[in-house]
Structure formats: C-alpha cells, structure tokens
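Below, chain A partners chain B and then partners chain C, in two separate complexes.
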Partner chain A sequence: MCIFRHRFAFILLLVILGACSSGESELPAGVDQKVFRYSMDSAPTSLDPVRASTLYANQLVVNLYDTLYVYKYLQRPYELRPNLATAMPEISPDGLTYTIPVKQGIYFADDPAFPGGKGRELTAHDFIYSLKRHFDPSTRPAGAWLWQGRIVGLDEWKQAGSDYAQEIPGLRATGSHVVQIRLKRPYPQLVDTLALGFSGVVPREAVEYYGREFSINPVGSGPFRLVSYDSSRAVLVPQENFRREVVDLEYEGYDAATQSQYGVALIDGRIPPFIDQLEIYFIKEGSARWSSFTKSNEIQYAGLPNEQVDRVLVSTNPVTLNPGYAEQYHMKTALEAGFVFSTFNMDFPEFGYNDDPERERRNHALRCAMIRGFDWESRNDSWYSGIGKVFPGIIPPVVPEYDAGLSRDSVIYDPEGARSLLAANGWNTATLPVLTYGTTPGPTSRLFFEQFRAWMMRIGYPKEKIVLKTYATFGDIAKAWRNSELPLISKGWGLDYPDAENTLQLFYGPNASPGSNDGNYRNAEYDEMFRQAGVMLPSPVRTDLYHRMNQLVIDDCVAITGLSRVGIALWHKNVIALPDRNFVGGRFMYYVDVLDPDAPEVQALR
Partner chain B sequence: MSARAEVAVSVGAHGDSLWSKALRKFRRDRVGMWSLAVVLAYAVVALGVVLGLWAGDWADVSGPKWAPVSGEYWFGTNIIGQDIFARSLYSTRTAFEVGLVVALGATALGAVLGSTAGFFSGSWIDEVIIWLMGVLDSVPFILLVAAISYTLQGSPWAMHIAMIATFWIGTARLIRGEVIKLKSLEYVEAAHAIGVSRFMIIFRHILPNTFHILLVQATLSFVAAIKSEVILSFLGLGVKDGMSWGLMISESTFEVLAGFFNNFIAASVLMFGLVMAFNMFSDALQDALDPRTVK
Partner chain C sequence: MEVFQYVLRKLLAGIPLVLGVTLISFVLIVYFGPDKTYELLGKNPTADEIAEIRSQLGYDQPFVTRYMDYLREIVTLDFGSSESTDEKVSSILARTVPTSIALAIPGFVLGNLLGVVLALVAAYYRGFWVDKFIMGFAAVGMSISFLIAIIGFQILFSSSDGLDLLPVRGWDMSTPLQYIRYVTVPTLATVFVALGYNTRFYRAVIVEEMTRDHVRTARAFGVPPVQLFYRNILKNSMIPIVTRIMFSIPVIVISGSLLLESYFGIPGVGKVTYDAIVTGDQPILKAVVVLTAVLFVIAQLLADICYRVVDPRVSLK
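Our next item is the complex of A and B:
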C-alpha cells in the first residue's frame, strides 16, 4: 500500500511537471530555436487594425498585417519607403489624386477562413475593403479621423449605410493591383497615414469567417502569424507565405557612426524574419518587468524604470550605463514622438470663455498665472530622471518643424510673477474658482496631483479649492475629457506621424469635444491658418504658419506645455536589434536576430 | 439565582460600582497604563494636527527628491520633495479621525440594533435585524467598500460608511445576547410593571448595563478601522484627499525598488505602535471590566 502510494505520488509529480513544461513553448523540443521575448506594460484589447489606437495594439498589428508603406528601419529623421506598394505614390499636379501600385505575389497567411485553408493573393481590393471598414460603424473604428472629410465619397458612403457593394468614387482599384485615392483637398500627410497600423490590410473572408472574434484571430500578410494570445502574452511565429526580401541596410538608413554598436550590420544581405518565435509579454508592474529582464532566460527587452535609474546609470547627462550593466545589455535613449501637457477646458466659464468680456480677460490672466506657477523642471527631475526635454508650445522637438529659437518664457517657473499677475487682475483666495483635477487611481497619479496642487498653493491657490476627482479607469477619465466634464485635462499625446500638424490639430476649433481638441479652444485666426497649412507640402511657408499657430496657443495661455520624455530602452547583448517605440514601432521586430550569447559576434559587442 | 448574580456584578460586594472596581484594576495593570500613555501620546499628536500646531506643511513640495534623514527632514522626503515626517504626523490625525468616527458609529449602531433585537427576541423585529446582519456579513468587505464608494461617487466618507456598515454587526450580536439575559431580570420586570415604555426600558434601563461591552467593542473597532483604512488606502479605495499611512505605504511600492525605504518604515512603524498600544489597552480594559478577573 505504501509502495503504491509512493508510485502514485511519483506519477502525479511527473504529470504536474509535464503540465508545467508544456505551457512554456510552442516550439518542438530538442531543437535550438531563436526566440525573442519582448515586453510591454499592457495588453492590447483588440488585434483588429480598425481598433489599433493604442501603442500596445499597434506593436502587434504591424507584425501581423502589412501596410502599403513603412518607415525605414534605421533612417533618422524618419523616412517612408514602399512596403506593399511597389513605389511611392504617383501624385497628380493638383495634389488630389494618389495612384499607388501594389506588389503582386503577396499572400495572406494560411487560415481556415480561406477555401482549403490556403491564404490567397492580396489585391488592391483588399486595401479598399480595409479602409472602408473604418467608416463602418459596426466595426467600432478608432482611426476614422485620419481620413474623415478627406476622401471623395467616403463620408457619404458611411452616411448611406456602409454598403460594401457600393463603390466610392475617391477610393477605387483601377486594376487588380493599383489603388487610386482621390482627395477633396490636398492632404500631404496621407502617405504617413498609410504606414500606420490602422492601415493594415485585412482579407474580407477572415473578417466574415470570425465575425466579432476577428479581433483575436488575426489573419494578415505580415511577417508573423499569431499562435496564442491571452492576457499575459502573445506568441507569434514567422508567417510561411511571407515574401522573401533581402535587407539592404544602406537603403534602410544605416548609420555606422551611431548604430554599429548594436550589431545591426550583421543582418545586411539576409532575409528576415530571423527568429523562430516571437513572444510578447504583457507585464503591467514595472518592478516585475525589470525583475524578469535582469534574469538571463526571460524577457530580453525592457524600458528602464524611473526608480532604477540611480542604480543602473552612472550618469544621466549623458546617459551612461553602469559598467556592469553595459557588459550585459545594449542601451538606447530616444526622445519620444509626443509630449505630456495639460489643457484648460475653454468651455468652462470659470477658466475659459465667458459671456462677460471682463471676466474673460481675468480668466486669461488666471490661466497665464497657473502656467507660470507650473514647475516643469521639478516635474522632469521627479518623474523623468531630469532627462526629458521641456519645451514651450505644442510643437515637440521630435518633429522637423520644432522651433528651437522660441522664447522659453512659458516654461519658466515664476511663482512670484504668477502671484503678482493674479493680484493685478483681482484674483484672491476668495475669488479664485474651484478647480476639479481628474485622475486615475494609483500612487503615481496621486503624487502628480499633489505636486500640481502644491505649486498652485505657492501662487496663492487655496488647498481646498483644488479638488481631486478619481476615475476608476483610464477609459472613464478619457470619457470625461470627451464629454467636457473637467476644467483641466492632463494627458500625453503620441504622434501618429512625424509632422507637427498632428499636434496642432489638438487645438483646431472643429475638432472640439468629443473630438481631439478636448480643451475646446476656438480661435478663428488659428483655425484659418490650420486650414491653410493643411493643404501645403512641407515648406518654409507652412513651417511659418505652424510657428504662428504655436505662438497663438502660447499667447492665449490655453495649455500648460510641455515635456517630451526620453525613453531608455535596454535589451540583451545577444539580441541584434534597434528597438523603436515611435514611428517604426513594433515593426522593428521583423529585423530582430537572436544569437548565441557566447558567439564571437556577441563577444565583440560587449 | 442568575438574576441575583447579575445584580451583584452591577453593584459589587462592597457597594463599589463595576466602573470604580474596573478603574482600580486598570490602574494596577502596568502594561495597560503604558499602552494608554502611548495611545494618549498619539492622540496629542493628532490633536496638534487638528489645531494646526504642526504638520500644516504636509502637502508642500519644498524639499529635494528622496532626501535622506537629516536635521531639516527628520524622516527624509518623498519623490516629489514632501516632508515624510509632516506626512506621518498628518496621517496620525487621519488614523484617529477614521478610528473615532468608525468606532463611535459602529458601536452606536450595534448598540441600538443589538439591544432592539435582543429586547424583541423571537419577534419579527429580531428576525429582520438578524437577517440584515447575515446579509451584510456575507458580502466580502473589500467588495462592499468598492460598491459603496462607487455608489457615493468617490465621496470621502464612503470608506467610513462601509466600515460602519460592517463593523456594527459584531457589536450587535454581543449586545443582543446580553440584552436577552438582562431583560428577564427583576428590575426590568419592575419597570414593565410600573408602566415604563419599552423605548425607555431598552435605552434608559438595559443599555447602560451593557456599556462595559460597548467600551471594549469600541476599542476593538477603533483598531480594526485603522488597519482597514491602511489596507483600503493602499488599494486606492480609502482616503481620497488627504494623507494616511496606507497612502504612504502605497507610495513606497515603487520607492523601495530604488532603495528608498523612508515612507515604508515611517508609516509601518507608526501604525504598528498605535495598533499595538491600542490592542494592549483594549486587552487591559477588557480584563478590568471583567468581574470574573481577580487582581
């Protein structure tokens, strides 16, 4: 009986161990496989390109689906190149018609959605179908704003009921592999929008086959296909039907002076993807992510958490790794393509527009005083290790139109000046209006509030007049912004493409709530300049218009802005890659190679 | 027989009241006296905060990031340069405020509903109150707080209401049992006989004889409220606008990874001191009020 019990326990142990190991990898045992383990701080809620509005969704979508254009892997400043398209678009002299030839011989991944389970060839009609889906309310699209009011007949198609059988005059296939787009007015950023995850090309069969579950059953023509996906990780493997294209590093913008230390030269002339499996882990807690990263056999990429900066870096100016870490990891710092800022909601008569001109004038002084009382340098030191870039206005340093010569008065902390301004305009503890500060739960959000409140207290704002309102989730507070429920909106904005137009539209009158202009700023002069610039190709005249719009926002004291964060990314020495969270985004994983840690190439990089 | 014994408890063999005997016993309990001194010291700190004598600058951000312990910043500063010592003192006020409000609220509610249920034991009133206790007991505490917090749209009193809504049950059960025992005593029967109203019998004649139980229950609720506040604030369900030890520990979750433990140590040690002292005070009080304890 005792022997039986021991045997039973042993068998049970084997079963448990077997169960544990079976979940580890989808790869066959006993074969040396190249696995890249990437990490993100949140999981995407949908893998459908029409819902790819978050950074997290986008990182996966661009690996599962193809877009007509992509940003070159290594070129900085960023530059587009054809991907599914055979060339850059042919644009008519009036800038209204774009003709885009699509590559032949591109196949979707094999999937039960197709007859016989075999992926079929991608055509121009697939692109048109995919773009139409953004104007079909049943897909709950998140990226329609990119093309809304731009393409001839597209908005009307939506109003007529989104019937896919109905043709759209401004969006059609002039051949099986030629797309033609006709615009209502010039839209120089159109090609940039065709490189976003939103523009991923989907096959109609798969959308209809999976129905609502298409969001978790992606079928694309991208370099990878999905094997498994849950709230903790996604596992992808190379897509068997993906085209074989040789990497031309020079064409991709390789710069030996700044990029040779990452070993990316090793992929020149080879055909990606180089890895056998891509595992993307969703780890919300920074400490857990860091702990996993510093083990040798778990995730191979992580951003450096703020609380580890003193331990991992020798200096922040310039950013230098501690030699012990430098031996083990690659590091790259990158200025984010976006910024953090706060906007006053101009629809609140206590702070913004008011029927009484005198009160409106005083409100202007109040906003300007609060801007002067905001200590950007302290915020940078507390939360971004002092390496973020503080800049005036709403054109961040990452875009070519950034105005380096702009006065920095609006970002200089001046509590004394703020107090004088308030006093000169009749503001005192009794007359200052109550300010409701919205935030989400969590110690960091709370400390952001406390820091803001302390600065406002220094300029004379009574503590009890700055009221905290906590929303359960980010979705809830985003809804409050859209519904114009808060007088101050503090948020971050990530650029969709490297053009200041993408941030200037945040203050364009017609985009007011529930649109992206949730500060409800309305300035006829600004709006007119935005419309003028909107049809211009990059030029000094357009840049001048951008700068004048930027100055208007500063002069009207509409926003407390801004700071672009500097991300510090670390990855294991044997991972050959140049990660990017900006415009290349998750597409960099297509080029990742994972070498043996003891390989001479890796040793040479240490 | 039983009735005579209870009367003896209330009056005492030598004419001493229960309270004077308890006070004498408590004074002889050195641990009890020391713990009371510690609790009073915390109370003085809390009172000083209420009166604005100290910790008025708890929300200020005048210091550098993560300053170490020094003459200027006794407990150092946090990530945004706030003085951890001032925040710790302010948190003492929060602990006392939560503890007192919840202890008083839960004890009063427990006394009223428990004595009512006990006096009308076996009737539909008793049934309803027992059913209510069973229902509230069956809802997990954290979920109940979250539900009340959501219903009250983030009101700062959501946590207090949730605690009172659950903490009264233990007190009510004890009081109900005690009242069932007391209501059959001769003095209660006499009150009935001379036509005293039931309301007066419960609240004028019976309930005062359960005060020794209520006092001990109040001290236990006080401690439980402080501990619960820390947990709830840590989870983001507690203090909304203010400072508490729970919020300080919540802040420390990312600070300890950077090797900065000041928030964590300050909040933990201060909370430990108060909870420990109050527990010991509560034990001593229980012993002093227990007529079976001979010292």
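Our next item is the complex of A and C:
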C-alpha cells in the first residue's frame, strides 16, 4: 500500500511537471533552432500544383515547388523576376513565341521516388510535363483555364487522349534547359501564370511513384520539403538540395522608407532559407488563433480578428497599434489583391435582359436604383473596421490600371435618388420582382443578408420580396452560381495575377455560366474591347481600353461593386519578415528569419 | 459456449442492421449531400470539364450501381481515396481514429467515474445542501454550451490572459508527458460539461434504486452505508449505466469531437468527418457510416454481455 502510494505520488509529480512545462518545439532539445510558426484560416486539401486553386494550397505549393518566375519579395506593385528561369523570356516580335532558358544545376528534393533516393536535376522537360498535367483529366486539374485555347496544340493534345509520349508543337524543350512556348495569339499575362503555384514544376517519377497520393507527398525543387501534413498543420524543413542564392534586397524592391521598421534589411547579402523549420497551422477559429498568437511560444503570425480591433488598436485611421502591442508585435496593413462585390444575373428576365425592350430599360433602372441603395461605407464600417477601400467599378486599387480619378457616384449611398429612380420607371411594391438572395449558413452570412435587405427596404423594396435561400455548403452555392440559378451573386475575388484583365474577364461574354462570368453579362462592345486588350502588352492604350470596359460595367449597372479589404497582419517582433497572404505573395516564407527575442537587433526594432 | 453462440447470433443479426444503415445513409448522401463537382473545378470550366469530373466522381452512374460498388467496398474494406485530399481512406482513418480515441478517453473515463461518484454522494445526501450543491453544479455544466466551455478553459489555462500553463493548440503523443500537456485542457472542458449530464442521469438511477424494498430492508438490518451502496445499490444500478457508457463508445471512436479538434488543433477523425460532410467527400463518409454502424452492433453486444456480468439473472438468449 505504501509503495503504491509512493508510485502514485511520483506519477502525480510527473503529470504536474509535464503539464506545466512550457515550450513547443518539436526539434531536438538543446539545439538552438529557428522555427517560424505561421497560421492560415483554413487547410489546403491538396498540395499537387495542378490543384493549387485556393490561397491556402498556393501558399504551400510555392514553397515546396519552383516556378519559372516569382514576384519580387518586397516590390509593390508586384513585379516579376526570374526564378527557375535564368532571365525574363525572350519574346518574338509577333508576341507569339516565348523562349525561356532554365537554370542548370537545380535539383529536386531527395525522395524514394528517385533511383537511390537522390533527387535528380530539373530540366525543361519537367516543366513541359508539369504543364501537360493540367490538360490530363485524370489529374482533376483546376488551373487549365489559364492556358486553355492559348498554347498551340495543347487543347488538341487533351482531345487526343492526353498521351504524355506525344509532343505538343507549342510546348517544347528546345534543349535540356530551354523551354519554348508558342501561342495561338498574344497572351501578355503568360509570364504571370508561370509564377503561380499552378505552374510548379513536378518530377514525373514522383507523380508515378505516389499515384493519387502525390497530392500529399509533394516532391519539388522549392526551398522547403514537407515533413508532415494533416488537417491541423503542415511542417516543412529546408530542402537540402535547394540552390544557394544570395538575397539582393535592392533587387527585391526594398524600400527603406516603408519597410525598414520590419528589420528586413538584416537579410541582405545572406542565403535563405534562414529557418530550420516552418510550421503552418490551419486555424479557422479566431479566438483560438488569437490566444495562440499572443503566447510567446506558439504561432508567430496572425491577422487581427475583428473582435480584437478595439482592444489592439488605438486608431483605425491611420491604423495604429496600442503601445503595449506595438512593443511586442510588428504590424502591417495590406490592401487585398482582390475585392468583394455582387453581380446581377443578367439572364434573369426580372432583373437583366428581357425580350421586351421596355422591360429591359426598366430593369436597368431597377438595377441602378439597387446599386444606389447599397451602403458601401456602412458595410465597410460594420465588417471591415472601416479600413477597407471602397471603389467604383471592377478594377481594384491594387492593380496598376486602377483609375483613381473615376467618378464615385456608383458607390455613393443615395436612397432618395434610388426611390426616385424606381418611381420614375414605374416600379412600386406591387411590381418589384422577388429577389432570391443566396448564401451559405452562418451568422455572418445571415447578417450580410439582413443588412442588404434593410437597405433595399429603405428604397421601397417590400421585405417579403427579398427572400433568403441558404445553401448547405460552398459547393452547393457554387453549383447554383455555375448553373445560373440565382439572380444576385455575392462573392469575393482574389487576383490570380496583378493585372486588371483578371477581373475584367469576370464580365466577358464567352466566360458566361458555367464560367467565371456568373452574371452572364454580354455586351458586344465590351467583349470586343476585351479581345483587343487581351493581346496587348501593358501600355496607355491598353489601360484606356480597361477603363472604358470598367465604365461600361458601371453604366450598365451590372454589379454592386466594390470593396477591397485591408488586412491587418501582426507578427512577433523577433520574426524578420514582410508577410503577404495574397495569392501572389506566398513565397515570402522563403525569406523569413527568426531571431532570439533578446537579440540586440530585435531590441532595436521595438 | 452459450456466450459464443450468442455473440455469433448477434453478429449475424447485425448484418441487416448495417446494410439498412448504409442504404439509408447512402440515399441521403447521394440525393441530399453536397455536390463535390464544383469544388474541384477551376475558374472557367467548360461543360465537358464538368462532365469529366462528374464521371470521375461516379455521379453519372445509376444509384443501384453506385450502391453495389459501396457494398463491394464494405466487403473488401477498401473505400478508395478521399476526393478532397486523394489520401487513401484507410490511411486517413488509421491516422486519425487513434488520435480521437486518445483525446476522448481521459474525458470519457473521468466524466463517467466522477459522475458516478458525485451521483452516489448526491443520492446519499438527497435533499441536503450537498445534494443541492452537486445538482446545481451539474445544472451549470449542462447549461453552458460546450463551445463556451472550450473557449473559457482555453483562455483560463492556456492563454497569456489566463494562467498560461498549457499549450493553446497542438497535439503530441511522442511521450506521455507531452500527451498530458496537450490533452489536459480538452479533458477539463469535456469533464466539466459531461459531468452535468452524467451526474444527473446517474443520480436519478441511483435514487430510484435506493427506494427499492431490498435496500430498505438492508438498511433496517444495519448494513453499513459503503457496503449498502456498493453491493445493494450500485450493482443493481449498473444496467442503465452500462447502457449509457457502451453506446457512447462508437461516438467517441468515430465521431471524435469536432469542436475539441478544431479549437485545439488536434488532427482527429471528428474534423475529417465534418469536412467530409460539408464537402461531400463520399469515400470518407461511406467508410465512417459503416464503421459507426459496425461499432454500434459491437457496443450492443458488449452491453448485453456486461448486463450478464453485472446481473446474473440476465440470460443471453
């Protein structure tokens, strides 16, 4: 009995000691290791580049795989630079042939998929194989739309059965380290697409070795390799075969005036990756993420949740941290590379196109009135801490083609004007059509609806004529959008590349449902301008075309738009980085350094 | 021999039950579940691409063909790969089910043990302040939502605003000490909520047993309270207690706890199942349905055997 009691006491002691010990590292004890713990709102489902369609998947993929080009770490607006390529592409005078030299001596990570487990050298053939996979239906690709109808022979290759042994005239290796792409018509955004996770270069051996499970066994030549991955986190370590390249901050777009406070100058002239382990946590729950972030030994990066804004900030204009937090954390506000907006479905005769020209004219007035009745500033204050950027049209402020001088009439809340417009065009409570508002479950979605309905009631819409339809999952509402089942589509759009073409294509007629033009907007003038601009390199002429297309969308009252959200990112003072959670910014993790919190360099940043 | 025959009989009788459950579930999955197609598609899909994905997912097959495939999968125990991650379903379950069990066991055991002990104390002091205090505590546990309990305990024990003693998130079973570090706060939240329900339920069972004639007689004969509770009350109360415990087991093994796993970043089967439900990942759902049904059959069987153990009057026929 006495022995039992002693054992029990000993076990209890161990339990208490174990439970109360601090520290989170999985790395060997006693070794001074640098771990960066990043957090994302959701988990990626696949790490295969052909399915890197979400922000979360893309952020991992661009760190596991190499792309021919990448966006410069610090340059804003975003600017491309060669990565696997030795230089920017050589483009033929007709803009149809791109010749891209690929670096020699680039090796894939060691993996059992290779003979002897040693990663082999990456060649131009690997890039070609990787791009072909987007046109192989068995891979369930999500990024084929980037190159569909663009590259000579690629679509035909798919139609002929996606036989990898068959060559494609427009996609060739003209040497072991030279890629040549021939286009059907000029595609100025081609180089941007070669910086996306979708164009990550994979080795064929690994795809064949792992089969379907290649999606969770990534084998790339990127700066990191995967150690473990589940629904709660991914753990990456530096890839042993990764090339040694010195950081040239000036080349990466360093701007001392706006970036020196983050300490990024400390990495100049050094060779990344600087960390020993990269842990990416997938945390949907805001309260858990915040609790974890504010500890000293858990996640080191988090977005500021709305519910903490009053506590953490002393001001939102300009965004200023409470001194207590400013002492501990870096803070950066970043304009979203994308925007939120709602589109009327023009295929609904009640709101859009109608066989009766008079009704179509009245529908136009109805849409314009609803746009005037939408209170963007209030939405901004309610949901985005008042720091989002409201702008007219569909060219968001983050792209170089943004038109700062555009009239803001379409985003000014004017319920009286809306009521007058409705009355002048014969709309009243009896004649206004029923509007079905589709959404997914959840309190935020519901409140969005209630806010929208309240605004519409203020312009004279009867409450019972704005009907909520809740879809169980995102997949279900996406199906409704694709199948043109809803008269109003509210969504957010993240830019795939920093070019207004990426948002203008949302209103291009041939992209109508099931394509990305959910509103089924068809305007011959718009489509013609889109086609003209589609083959132009950036120039004032192209920008002018973009602006005219933008104006058409505004004049036709096709969309209630828009707002680009401003995210407030916080990270620990000892983390030397400039995080970027945009689709085009995930590669920043390569440059992250983590210093001892007591190091003089960190003290200097406080 | 009697037990063996009974087990065999029950297992055979369980087959129609499993088939019935799978059929009903499959009807619900096919006709009312989410359509996975639109999550897999890219941004500008053509009608052909939509058809390709639907075909790969088997959506273009008749219901009967798809159900027959399901039955074949049950027989071969090969449910294929997840439509979301492409990982084999068997690997996913092998990886996540043990985690969920390890997460749930401490809370389950402590919640039930403490529930029985507190119920005995409350029943013994029925009507006195001790009883009222315990029942009041139980009512609090029942009234507070699990989500609030989780957030509250997380802030209290783990966050820098609280005691900051244990991790907010994560999971590590590499050593017993690490396991204890990570399982403690989820367990406290589970026990806090479970105690409310368990204590009230067990108290009601025990109080009912205390009013029986044989207990009154034993008391009149001067049987000491501990012996009275152990031999005459607890043993006879065991059937409803065993029933409750046994039928909780499949839920623990398969369902896990979505909230615990989400808030504490624990890679268990609860989160996998939830994600499969909301995204329409049918291979995972099909496997989970079968496993749950089979576990319920086994739990029922074990419960019957336990009845016999705790009450020799029960016959396994």
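Here, the second predicted complex is superposed on the first by the 579 of 606 C-alpha atoms of A that agree within 3 Å, B and C clash if a C-alpha of one lies under 4 Å from a C-alpha of the other, contacts with A are read in each partner's own complex, and residues count from 1 in each chain.
We adopt the following convention: contacts are C-beta pairs under 8 Å (C-beta built on N, C-alpha and C of every residue); 3 or more make two chains touch, one makes a residue touch a chain.
None of the values given here were measured: they were computed from a predicted structure.
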Fit-or-clash call for chain B and chain C when the two complexes are aligned on chain A: fit
Which holds for A:Asn425: it touches chain B only (first), chain C only (second), both, or neither? neither
Pick one for A:Pro137: touches chain B only (first), chain C only (second), both, or neither. second
Considering only touches as defined above, state whether A:Arg482 meets chain B (first), chain C (second), both or neither. second
After the superposition on A, what does A:Ser162 contact: first (chain B), second (chain C), both or neither? neither
So in the superposed three-chain picture, is A:Gln259 touching just chain B, just chain C, both, or none of them (first/second/both/neither)? neither
Larger contact residue set on chain A - chain B or chain C: C
In the superposed arrangement, which partner chain does A:Thr316 touch: chain B (first), chain C (second), both, or neither? neither
Check the residue A:Ser287 against both partner chains and state whether it touches chain B (first), chain C (second), both, or neither. both
With the two complexes superposed on chain A, say which partner A:Ile216 touches: chain B (first), chain C (second), both, or neither. second
Shortest distance over all C-alpha pairs of chain B and chain C after overlay on A, integer Å, is 6
Overlap of the chain B and chain C footprints on chain A, listed as residue numbers: 287, 472
Contacts from chain A onto chain B in the complex sit at residues 286-287, 290, 305-311, 378, 381-383, 441-444, 446-447, 450-451, 453-455, 457, 463, 467-470, 472
For chain A, which residues count as touching chain C in their complex? 14-15, 17-21, 24, 26, 45-46, 48, 51, 53, 137-138, 140-145, 148, 212-216, 230-233, 281-285, 287-288, 291-292, 294-296, 298-299, 472-476, 478-479, 482, 496, 505, 511, 514-516
Can you list the residues on chain C that touch chain A in the complex? 34-47, 49-50, 52-53, 56, 81, 84-88, 95-96, 151, 154-155, 158-161, 164-172, 176-178, 180-181, 184, 261-267, 271-272, 275, 278-280
What part of chain B is in contact with chain A in the complex they form? 59-61, 65, 78-82, 150, 154, 236, 240-241, 247, 250-251, 253-255, 257-259
